[in-house]
């Protein structure tokens, strides 16, 4: 069997672990041939590809990024790109294509699949917002980086009697904010799923200080926004990929808190640090299992599907089902955290 | 409501996170009172306890160990201890007892529950071998520590053309070896669940060297043992708690490999480093959720149960069900790892 | 002997290690009494202090922040504060005061010393810019945090063909940028000591991309600024403590690079994460040695001095000498880095 | 100029950083050619070498191990090897050889230099025991790994009322034990430089427990040994490289403490984990500076010398001076630590 593999969309720790696992299982396990396309669908469109054998993936398990490179596909060019991709995949003799990517990539994958190309998808998002899978790799690493930052900030906040506002990733789903906020012991968590009440946040911080506590840490998702009419705020622009640009809720919230509290409030914007570097053990295992099962699915002819974690099992779910709706944080998870405003 | 809490058995990162979460939910959420017993059931038997308010649990989320101390209960004294515990719990006006512990503790908890004491258990084991829950806290931290050690050992093994044998925890279940072996890219994994074939291990290493690879890493669970008749080996003694002492499979395997391969093979025994220190974000979140749900179960009168992770949900399962059998590594998980011998 | 200790100025990993070491050496070694003043000189002025015995410092060696709290002293109130401090120190029967702090604190310390109060200073700055000492504690931790961030950013930059601009601390001295830039393999380093040439930076990045490299990382100190006339730039305001506010060189440099290169350039502002959390082993050892030698100096009557690292030795240098000039990055250190623009 | 480079002896984080720095400075800075010999002097003897250009060293700064491989030279073959090496170096047109290694390597380097080969050495030892340099790279990483292990062990020791004995590297010099013991807050430190008093250790632990402390951590160098007649002990064998094999002081000390104290005492042998993996920022900077200055020395014709750190400067010292005596821990450093037995 000749397997094509590509990585597309934003960076995500664990991509290399999937690539390595696909190659190990396919080449060593089944005697397949694996072709890697460079820079996502662009490489498939342009014909930039290389053979991936065992040596090509040696030592990459613990490396962040993707040895294949990545790119985003503009939404407008999606349909055209699908046609070309399909033709090229056939030109290169690809029996099955394993695209590893997020919502956009899986949508493209579904279109390719509908157009007749054998596809087995592997979901990827550090935001953990793909439905049909309990978790996605990269998320655990991002949560770990954000938690470590909050651990560090707490001691400095405590010594200097100050409020820290930590902005973490999460445009439409607040999973990183929720879990790193819980793990980092944030006193307030603001999620895209629930417009936050600035008055309640201010009151919580004031109560902490009145109880003799000397600091507070607020964890805010980049996509969080205040309840209407409670704080000056304007929506972000829409970028060329159809994403709303959310810039600066961390900065704005810190400024607003400082103004209302009369205490120092400092923003820390974690940004791309959350996306890069060595994946956690959890993410390496999940990514490795996804890769292994993607190859098995390909050999079973289980096309138009993607790998998914359900409980402790890896199962296959239809691509169609996977991309219909975003998995957002449900209310009962907010209740557990006890600090979602 | 008056809630008693205690931690028993071996150390496990996340214990403090459970204690903190129980106190937060009970005291701040429900206006309960929380009493902590010191050194596990011993403190309950001896009447050593202290009140746990919000200040008592400040800053402990990220700390390893347990602020309450722990101890193991000798199996022989279990029944007697249960009777006394029950009486004492009533003397202290405990409406519900939340014991946080492993198999032994949960067995004791079940006996206490059968004897009429309201109990909500929280499972704890770094070995991840309690059935009825997808995962237990502490496991992710242990896997992380073992993976980081393998990351470090790989570079030194590679530079010096040597075989490294890393012994990790896991007496009866090989979850730590399986997942850290996968995450650390171990070339061989030996689990308690499957007697390993020393010949096959030797052959794998020889093939690696013949392909120009300069090193190999073997990850072995402390409870792993060779297939009968393949290597000199004797079973460990039974200690006073009913556990078999497994000492030294790492050392013995390294010696055997060195003898057969004619190459340097060095053992590294990770030991207690896996059990201590700051829990990972994953373990802090899981432990916090367990604590929260234990208090909710207590308020619902959901006694004789323990918290469990199923998929992404925390559910309650009967203690009776939880301790009947050990959750060991199934064959399909070994297949995925591709390097279990 | 009755020793007063206080921590002042910005946060710095290792402060607790100094406090612990002072207490250990003084109490256990000499049978002294140690009094800790809260929130820096403020506590000395307000009479807020507490006894520090061995139990009070148990477990703090690895903790960031300062158990005594800190504050900054406004420059305008310095002389007045010194008078009051001197009187209070006598009121509390302090035989020697050990202030742990940066340039401002050591200047105050020198004034107090000149006014007749027995003082042994301990220098503290994550910026490493105090002359007379080879290194200060906290610096190694800050460099470590910044280096780890660059390690993470490199993989994501590489996969997405992007320029990353990492802003690190350093208002007047670029030591953190220099050493984290070298350790993180930054392709460009911008220091306060040398106005950077934006044209040369742009050219370097273009040459990298033309050689097939897919990314570049620029490490910029918060106090760096462009060579005159080369890029739009205005100086920051002076804050109430006499410090120039440098905000945003990272953001501005990223925007300028993106405009000139026609490639994505993303800023990452590390901020307070560099100041907090567990100190590295290096910083713990240096802080511990400083504390030990401060107590020894106090017992020798070596007043008006501060501890300093010279080579591998801890020596005492006059406070007068210590605060006369800032230790900036010399040209030969820039040459070694090979990437200072 | 044509520069040969090789790495020899035990593994040490930072070796790749030196290689990279030599190549960067030589190739990009001076237009030189760099040849790397594989597996230390063996590669020079066997003629196994490869060209090292900028691409060959891309991405290795943060990687442990050595891309060139390493080997130990048997002491008996030293003189013969030198002759052959000298001839081969001339055959390959090497203008200067930069060997990176420890005491054995530098001794060989000195012999080669005396025999007329232009040599610039770079000292390497995680043990930090080479005189003439304040520090060597790799040491900081080893201390960091050992300190992190002690941080982890402390929480588990505290919760379970147990003594932990941590054996760290250091055959003849106790620097790693001293500094990680200080940084990890060990209550007892045993060094090769001072035979330890088991009675005093036992007394210290008993006093701790009598003061209500629930644990103790002892940090012991692998080369430490008890004062004569105080504890059963036999010296190790001499291996083929002339090193005494010290195996098991950690295990033996734990057993002895358990016997005398009647409390659980557990050994943890850190072993090779200390030698591998990502170097700390400190070690990367020091290694990078050594590489840079080695090339500069080569261009100045400063042969028969090695790089050394003196205070904050890199200087050149004669190889002859460097290897005459081992740098051991002096008494005043033991006094500072306050817990050396």
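Note that the chains take the letters A, B, C and D in the order they are written out, and that residue 1 is the start of every chain.
Everything that follows uses one rule, which is that contacts are C-beta pairs under 8 Å (C-beta built on N, C-alpha and C of every residue); 3 or more make two chains touch, one makes a residue touch a chain.
Only a predicted model underlies this, so the values are computations on that prediction, with no experimental measurement involved.
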Given chain A and chain B, the chains that contact each of them: none
Distance-maximising chain from chain D - centres being C-alpha averages: A
Geometric centre distance via CA averages, chain C-chain B, whole Å: 41
Averaged-CA centre spacing for the pair chain D and chain B, given as whole angstrom: 35
Chain D residues counted as touching two or more neighbouring chains: 151, 278
Arrangement of touching chains [line / ring / star / complete / other]: ring
Chains touching one another, given as label pairs in label order: A-B, A-C, B-D, C-D
Complex interface listing, chain B residues touching chain A: 24-25, 28-29, 61-62, 134-135, 140, 143-144, 146-147, 151, 179-180, 182-185, 278, 280-282, 284-285, 288-289, 292-293, 310-312, 314, 336, 338
Residue numbers on chain A that touch chain C, as the complex places them: 7, 10-11, 15, 39, 63-66, 69-71, 145, 148-149, 151-161, 164, 214, 266-269, 271-273, 275-278
